[in-house]
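In the two complexes that follow, chain A is the common piece, with chain B as its partner first and chain C second.
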Partner chain A sequence: MVGRRLAAGVVTLFLVSVVVFLATEVLPGNAAYAILGHEGTPARVRALEVALHLNRGLLDQYWIWISGLFTGNLGHSLANGLPVWGYVEPRIINSAVLVFVTGVIGAFAGVALGAVTALRKDGWPDHVISVVVLAITSLPEFVVAIALIIVLSTAVWHVLPAVSLLAPGTYAWSQPELLVLPVATLVIVITPYILRMMRAAMVEALESDYVEMARLKGTPEWRVVLVHALPNAIAPTIQVIGLTFLYLAGGVVIVEYVFNFPGIGQALVNAVNGRDIPVIQFIVLALAAFYLVVNIVTDVIALLATPRRRIVS
Partner chain B sequence: MSEKPGGKGRPGAPPRPEASGKHSVSQSAAPQAKTTTAQPEARLKVAGLEVRLGRSGPDVVGDVSFAVQAGEVLGLVGESGSGKTTVALALLGHARRGLRITAGQVLLDGTDLLALNPRDLRAARGARVSYVPQDPSSALNPALRVGTQIREVLQVHPGAAGNAGDRVAEVMQEVHLDPTPEMLRRYPHQLSGGQQQRIALAMAFACRPSLIVLDEPTTGLDVSTQRHVLDTVRSLCRSHAVAAVYVSHDLAVVSGLASGVAVMYAGRVVETGPAARVLGEPVHPYTRGLIRAVPSPERIEALAGIDGQQPRPARRGPGCSFAARCGHATGDCATQAPELVTVADRAVRCLRAQDIQASHPARTPLVAGPPAGAGTPALSVREVTASYGSTPVLSGISLEVPPRSCVAIVGESGSGKTTLARCIAGLHGNWTGEITFQGTPLARGTRQRDKNALRRVQYIFQNPYTSLNPRRTIGQIIDQQLGQLTGLSHAKRSARAASILEDVSLDPDVLSCYPDQLSGGERQRVAIARALAVQPDLLICDEVTSSLDVSVQAIVVELLRRIQQERHLAMIFITHNLALVRAIAQSAVVLHHGTLAESGPVEQILEHPAHPCTQRLIADMPRLRSSRTHRPPDPHDTPDRPDRRS
Partner chain C sequence: MAVNVPAAPEARLRQARRIRRHQWGSVLWSAARTPRGMIGLGLAAFVVLVAVIGPFVAPNAPDALVTLAFGKPSGQFLLGGDFLGRDVLSRVLDGGWVLLIMAACATVLGIAGGATAGVSAAYLRGASDGIIMRAADVILSFPQIVFALLLLSLLGPRLWLITIAVGVSHAPQVARVLRSATLDISERDFVKAAELQGMRPAKVMWKEILPNLVSPLMVEAGLRLTYSIVIIAGLAFLGFGPPPPAASWGTMINENRDGLSLSPWAVIVPALLIALLTIGMNMFTDAFARVAIGVDRQPEEAALIENLSPGSR
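Then we have the complex of A and B:
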């Protein structure tokens, strides 16, 4: 099953690479004009086009790009002349750290709070959390980010940096305090979705016949919750956690922009503004690969958590 | 855990009803007075049990008292909504969400379970009193291996068994399952319904409890599997001197198992006493009604259900809750609440118990319908072979439905009954052979059939809870059918819908109801009305009563029989319960593993079955025993046949 999914993933990646390549080709103007701007005389534009292989056929250009991907030669950024990998790599790492830390904290917080609200259904913690969650889900992430900045970095307290300025080529974990606000923003944004799914699944599990049966067997309540209800509630929640990771891969763009966090989202926005086609192509392809991997991993984990689907009799 | 007073409970000694010393009608007997006179050695004694909706809401069950000896089974009988499951759960000190046990005692070996603190109650549950659920497919945890689930009950009650592994193996053998590691490593969904119920039984018996509560454990199992589960329950209760409370809506099942019976109606015990007396000569009009509803392969008489429904907890009036449905009711019945009185060896909650006891229950002999029409058969099936994917389900089935007659298709689950019906209706397209309907061959699937062919063959599904669209009113459901299959104008469709509801004895108000506002029996009547509305020539009824109470089943079967005769319909009636066949069909076809085992007139099949499969179906049928005689020697008592999944 996993093998088939992987093969399908490779085909999908190939199609994505074609689409990305064509999409960047149809952007108005070409890179030579974009780079040279107003100073571009026709002769200099022509020379640059040759250097960038822009004068070749589409197929040739695609082949040069895709074979470069496999040989580690991703070309150079058109905007700053740096090798694409050297320019993008620390940013990918920074974003990955942001997504991973956020995802893990959000998943644990969502599952734990969801389970607690389900256990205290209709009690005051459930009502308070439900109202807060409803309020948060109606806010866009930049509002959350700005609210956090106002409270923690400017007007009220001044305990955390409002922008995450990092020297180019350095990694975020060298200055962990820079991660706090971006991570907090994203955790606040994603946790409600996981929490609500977990609460609904847990409520259903707690009212199921098998939980009643477990209680009638004399099973202690902690065991009823942890051994009987939780595993059955986790399975549907895993799907939502997977979706959350996918959302994060896109959601970092706005949050990185607000905090000026040197990650992949910021790099992508800059690259699009500067017609930096090699960088755009690589980042988009990397994001597509991330989507595929998360999807497959989610499905595998969900399958492991659901014997009914895993073992067909 | 608890010592076993093995010699105490003498098998065969029926528990006496409360207040057994008084043989005169006494209206003033207070509940307290009654409980004190109960036999002291009873393993389980329930006294004045009351469960309410919330803390002070209306009572769901009240004044429930009975006693069970060790090694004996008490049958707790009643229709859905009578409160029997509420009582069953209260025996374990448990009340479902919204309910609260507000009064009474559940004395198990002298300890009141309802007075225990939560810790001691938890220790008692599963160890001293255990529970077997109605539907093991939802009561077994889908995420845990069955071995884990059996071991768990021993784990949480340390000291219940010396060696947990040995006990698991022992109890698995007792319920006729292989205690192999492969079996124990399976998940519930890898087992058949019968095997799942055995796992639940193994769990219940693992700690050697004093009391076991079985909540309709065989509902949803076919007769053969049901028979095996019942045999297992009976022998385990005897050999371990366990007292058992067996909840069921089916008096036939209870009569083969229980030595005492308590009949519940609208939250009250209305008749209780020795099974032979209560079931043999019932006194309460409700008990009599339940017994008339049980189909019998021997008696040739019309099935009679009990019309109407029992009032919900908040709607019970001051008088007898059964008065509105009772043929014996007088003016007093509506105003005066009856107390339990002792009449003819049992306690009866009826003001007119003495008068009624003297009268004999009426029986309606079955009026034979018009003889099956001769001439070309309405439907003929020739050499039909069908498969699901690459799995063959039917091979070479041939049968004929004579005009204006009903043919029953009988078989165990997995024998291919439903697949055959789906082939005829065009719902299953993957078959070969020939199906001719009134001289014209039918196309394979519904998509290849024209409107007229679709209209003429109508199908009624097993489960009325899922076969009606929950988001449409009954009027819309019937109108949609008429709009799609007939060319009638809007006005004519409305008139047809109203008249068809009358034909199935439903109120015209039902037209504006949604399915969830109706009871199971009413829903199935709507499903029948939907099929009849388009004036079909062939009606296929697929296990239409298997999800209904026995009393409602009788009404639905009787309705179908009347309609079939009045409208001269050809009908196919699918069932796993041979007892129903005599009440409705003229001939029967028995399927076995996808092949035709035998076919012929109903009398011949029931009285002189030729195929071993038919003989087994007849032997396994639950029968109402009017007098407790010895069970006939059982040809297949010990070995466990593999249960087939449906």
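Then we have the complex of A and C:
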């Protein structure tokens, strides 16, 4: 089962790499002309074509790119001349810190709030939270970010920096206060999904036969909740926590841009603006690979957390 | 589970279809009368009205330099000036309709493409199913905004390209939902009856299966429309929207961010309009889903619980 998922993942990743390659290299018109625009003298176009291997056949081009990925030779950024890996690597680490911290805080907050609202089902906090959750899940992340900036760093209070500029060569953890607003934005965006799922699963678990049975046996209520209901409710919630990590792969793009956070998402936006093809190709492929890995890991964990599914398949 | 269809089903089927059509109209109506649906519809209708009527009542041209950069609100310029000294109120009134048209087109594209793919995959089975769902997996491996950025990377921010990119990135999700709904329906007796009469597969899908998928289709349409607005406004915020000097809400938020402490209205008002629109859309979709599906749950949660909870197969 796990092996089949892995194999499918590898095939999908291969097809993804083909899509990335085709989208960036073979769109109508010559890439070199598109990049140089009005400054495209024949000599410069020619030079760029050679640099991008555009003078080779399509299969050759793909082979050069994909073998470069495995040998660590990703080419150089067209915008700043740096090697792609050297330029992107510190940003991957910064983004990973952002995603990880956000995911952990969001998961705990969502599970805790979801369990509590399920226990107090149909009380007024439950109704208030359900409306707030519905509102937040429909908000674009840049609106949340702007609201936080307005309240916490410009118009109302001035307690946090509105931009997360880092000195080159330093990593996100060296200045934790710069992480606060980007993390807060993403936590606000992801927590409602986890909360909603946890609440629904917990309500289902609390109404189930085994919880009823435990209560009839005279098990203390805290034990019914923590030992009987909670673990069964967390199993489906894990799937949603996985989905929020998937969401974060795209969510970091806008949030990093808002706060000028030097991560992979901001680099992608800059690269698309500057038509920096080698950087675009690598970042998009890296994000897609992350997406696939999280997907597989989530499936496997959900499988292991659900005994009955494990036996059937 | 399905009721046996008598020997001469044609007339009865037509009658049944008429009833079904009548039903979803009444579902829509009763969704609009729930408190949640009413508030949602009201919010969304208000924003749509601003966007549609706005261009005709705007006091100034959206690109005319008429006041001071980040000028304070005054009797003449109710919301002050933007970063170049253009009238913020006029730009707000003029900046919504492009977003709405693009979001509507992207949604139609995503629903049409996704429904076609999902229904054919489930009904035709076999190789078509495998190919369609593998293609869906590939597109699903990209976060939606990253997929759009990838397609924009060579041709630049063309509005039609953004619309197509967002529409295509919706299709796999829609296809998955409709595929599982179709798998259920294509086993029903009325479909078998139509097949026995020698109806062609395309006609079976169009005439027999699709009319039974109206509820999930409309829930999907509501969700996708909300997401389209979020993504298209987000892309405009990143700088991939209508080219300057055109006004658009997403672009306005970004270009006026620097003046937040001087004149926040140029940021707050467009952000608020986007927020009200997406919240309204989502609330109405939620109300519709509750009435149509008849459970106190979001449809995606219901599907996840069915798949994963210990009580299911």
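Just so we're on the same page, the second predicted complex is superposed on the first by the 293 of 313 C-alpha atoms of A that agree within 3 Å, B and C clash if a C-alpha of one lies under 4 Å from a C-alpha of the other, contacts with A are read in each partner's own complex, and residues count from 1 in each chain.
Basically, a residue touches a chain if its C-beta (ideal position, glycine included) is under 8 Å from a C-beta of that chain, and two chains touch if they have at least 3 such contacts.
Keep in mind that what you see is a predicted model, and the values were worked out from it rather than measured.
> In this superposition, which partner touches a larger number of chain A residues, chain B or chain C?
C
> Tell me the contact category for A:254 with respect to chain B and chain C: first, second, both or neither.
Once the two structures are laid over each other on A, A:254 reaches chain C alone.
> Contact-wise, after the overlay, does A:228 reach chain B, chain C, both or neither (first, second, both, neither)?
Only chain B; A:228 stays clear of chain C.
> With the two structures laid over each other on chain A, which partner does A:208 touch: chain B (first), chain C (second), both, or neither?
A:208 sits against chain B and chain C alike.
> Looking at A:220, would you say it contacts chain B, chain C, both, or neither? Reply first, second, both or neither.
In the superposed model, A:220 contacts chain B only, not chain C.
> Quick check on the superposed pair: does A:4 touch chain B, chain C, both, or neither? Answer first, second, both or neither.
Once the two structures are laid over each other on A, A:4 reaches no partner at all.
> Would you mind listing the overlap between the chain B footprint and the chain C footprint on chain A?
In chain A, residues 208, 232, 235, 306-308 are touched by chain B and also by chain C.
> Which positions of chain A touch chain C when the two form their complex?
Against chain C, the touching part of chain A is residues 8, 11-13, 15-16, 19-20, 23-24, 27-29, 31, 34, 134-135, 137-143, 146-147, 149-150, 154-155, 162, 196-197, 200-201, 204, 208, 232, 235-236, 239-240, 246-247, 249-251, 253-254, 257, 268-269, 271-273, 275, 277, 280, 284, 287-288, 291-292, 295, 302, 306-309, 312.
> Which stretch or stretches of chain C touch chain A in the complex?
Answer in residue numbers: 36, 134, 137-138, 141-146, 149-155, 226, 229-230, 233-234, 237-240, 250, 253, 257, 260-261, 264, 267-268, 271, 274-275, 278-279, 281-283, 286, 297-298, 301, 304-305, 308-311, 313.
> For the complex, which residues does chain A have touching chain B?
207-210, 212-220, 223, 227-228, 231-232, 235, 305-308, 311, 313
> What residues of chain B sit close enough to touch chain A in their complex?
Residue list for chain B touching chain A: 89, 92, 94, 96-97, 122-127, 130-131, 133, 135, 138-144, 152-153, 156-157, 187, 189-190, 200, 203.
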